[in-house]
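What follows is a single structure, written as structure tokens, with notes after it.
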Amino acid sequence: MDKSFFRSLFSPELEAPIFIEGLPGFGNVGKIAAQMLVNHTHAKRFAELYSPFFPDYVIISKSGICRPPRYEFYAASTGNPHFIILTGDAQPSLEDVTAHYQLCDEILDLAEKHGSRFIITIGGVPTPSQEREIYVAATSDNLAMKYMEKGAIIYGKGRIMGATGLLLGLAKNRGWEGICLLGATTGLRADREAALSVFNFLTRSFETDKKS
Amino acid sequence: MDKSFFRSLFSPELEAPIFIEGLPGFGNVGKIAAQMLVNHTHAKRFAELYSPFFPDYVIISKSGICRPPRYEFYAASTGNPHFIILTGDAQPSLEDVTAHYQLCDEILDLAEKHGSRFIITIGGVPTPSQEREIYVAATSDNLAMKYMEKGAIIYGKGRIMGATGLLLGLAKNRGWEGICLLGATTGLRADREAALSVFNFLTRSFETDKKS
Amino acid sequence: MDKSFFRSLFSPELEAPIFIEGLPGFGNVGKIAAQMLVNHTHAKRFAELYSPFFPDYVIISKSGICRPPRYEFYAASTGNPHFIILTGDAQPSLEDVTAHYQLCDEILDLAEKHGSRFIITIGGVPTPSQEREIYVAATSDNLAMKYMEKGAIIYGKGRIMGATGLLLGLAKNRGWEGICLLGATTGLRADREAALSVFNFLTRSFETDKKS
Amino acid sequence: MDKSFFRSLFSPELEAPIFIEGLPGFGNVGKIAAQMLVNHTHAKRFAELYSPFFPDYVIISKSGICRPPRYEFYAASTGNPHFIILTGDAQPSLEDVTAHYQLCDEILDLAEKHGSRFIITIGGVPTPSQEREIYVAATSDNLAMKYMEKGAIIYGKGRIMGATGLLLGLAKNRGWEGICLLGATTGLRADREAALSVFNFLTRSFETDKKS
């Protein structure tokens, strides 16, 4: 395998799905929030991404069954709006900068093929405080304002690392719109509470959008 | 050399050979066990793999003769079943993740060309205890159970690094079946005893399979 | 994105523009001096370079707006001579040697397309002294002498790292002429004074060139 | 520049030249010995190799003139035998394993085009003793014996790193013959004495070969 490849499980029928990313990272906020959304929206896994940029090990289940690390794409088409939700086992090494750029573009290609033009990336951000703030960065002033009015704090600290930042930036370069939501977390351990905060913020936000 | 290449020494006649991998690694369990199998099955070296992903040095024999590092493929076609046995001098650097993926796929291509659809990878696993346990991970529940009944312990610890893990995982993605056997070893030095345990387990297992 | 790409904003009309580079580096001397030149010459941004070799994060403004890191090209065509000025957010990792070579050549291709055959790269050089010396290295003895007569000190210390050195060296290999100006700086923090020294040296030098 | 390229200065007329490599390395033994051979044989520089695998800096002379790092090829066609001598500024980073393999093959291609089928690589080897031993590794037993009879000691320590090892190993894979001579050196600083020992050993050896 010298290139990434997608394994298609079924072909979902989606209308202008919102593309949501939650991968392993700080406090695992993104990955846990994405899994909550998969459960909440009864999303079905429709594609897997295998890549030579992923770590060179296999993952072994408790019953001893192996599989290579992968990204998983879930489709939710029963509610409104539709969603594509991306989660996965591991990100490429932070040092492999080119890998990050390449994977992000392959992922955006897939989402675009299914009609996505709006992206929401989810991650964690370390804070010393105990508050459960949600921070937002966006592709435009309007969007940043909109989510600020919903209760998020503008993230003005300079950088967002890895897929959570890069997917948003590269999507913007393609003319998409989107936001990044960062849940404040105090530790490096999996932080279910921070993930729950982001999940609740997101689902409330979708409800309000539908009513307006 | 900007690509790996196989040097073919002769073309073995093999029927559905089991593909066995034992490369340098923890306690050198895999490499030593593979060499025992080569001797036991009177396997002949039929191909060598040279690669720009291998370390950038040459290996010098005691008599001063040089050669680049390589993987070696041995064919055993006198017994039942037939085997292809892979061993070698060194693995790519652990940091060169892409190299691992690419080499593993090139190796599986070669084995597939000779009719292999079943893989056994061999490695070592560090344990504090003095017991000579054999751990097993597999591509399916059935296989894991089968080798558990033969005396191996299910390996449920999460990850298997390097070629020993990745070959099994990528073979599974191709629809092969297979197992990984990990010999418990207490040290980083070459552990002949651990290798012998795995070798004995394997040869006993092949005997039982033939009788059944 | 597996390749760098230029986004063109408009097509400037330039005659034999001098190509000036000032990217982040020691004391940020190059980047700050380049920004001073952009302001001084009323240069307009006409192209952006995005690359998988840039860091894998997005840059977030104070108002929460994201964008991927990039290089920016400015065109100044109102004065005499014309200029193309390159500045940007970040350089590729120092370890990614190949990336540096590739980016530098892509940049020189762009400048050459617009008629550039003379390059001035700007950087900082650490010195313990408090003097504001300007050091010069050049593609030829004549040029080194010329700028020495203008007050710069010959830089004979062996190496110039990163784009500031490599752009000059690769331009020389293409048959261009050019110089590198290094402002002495005592610290790693952004050193506006050192940048101002280089800026003043450069603008004085352009004035003298016009009169002669 | 995303590929290495050769700049040809003139086209030498060579008959079965011996290819000699001496690049920067331990004690700089190889590079210094190669320079001695260039002077001794009145060899002329006929080609330069530039590569994105070389360090990302430019080299500045004492008079302030820059150039990218490069390998240099010298042709000696006045004596008997003819030589191609390779020396240069710097080797690729030791971590960039693939670069080493690729460069070595490009270099052997050039030498082969000019009729070389015999290679002598020169390096240094650290020893605690004060003796000026010369160690030899070879592509065949005959060659190792031949140079042992000339006074060299068989090098049986396992590995030779970098271009000095890899060029010999890859040349062997192409069917060339050749040797590696390692001069014992006690330090990391440029060791002219060790280089002189190898140089003397080599020139004596060529004289004896001619008489026989």
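Note that the chains are named A, B, C and D in the order they appear, and that numbering of residues resets to 1 at the start of each chain.
Everything that follows uses one rule, which is that a contact is a pair of C-beta atoms (placed from the backbone, for glycine too) under 8 Å apart; a residue touches a chain by one contact, two chains touch by 3 or more.
Note that the structure is a prediction, hence the values are computed from the model and not measured.
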Need the graph distance between subunit B and subunit C over the touch network, please. 2
Copies subunit D and subunit B - interface residue numbers shared by over half, same or different: different
Tell me the rotation angle, 0 to 180 degrees, that brings the C-alpha atoms of subunit C onto subunit D, to the nearest 5. 90
Compute the distance, rounded to whole Å, between the mean C-alpha positions of subunit A and subunit C. 37
Mind checking the centre-to-centre distance between subunit A and subunit D? Centres are C-alpha means, answer in whole Å. 53
Among all residues of subunit C, which ones touch two or more of the remaining chains? 95
Draw the chains as points, connect those that touch, then say whether the picture is a line, ring, star, complete or other. ring
Contacting chain pairs - touch in the sense defined above: A-B, A-C, B-D, C-D
Quick one: which bits of subunit A touch subunit C in the complex? Just the residue numbers, please. 94-95, 97-98, 100-102, 104-105, 136-141, 144, 148, 154-162, 165-166, 168-170, 172-173, 180
Which positions of subunit B touch subunit D when the two form their complex? 1-2, 7, 50-68, 92-93, 95-96, 99
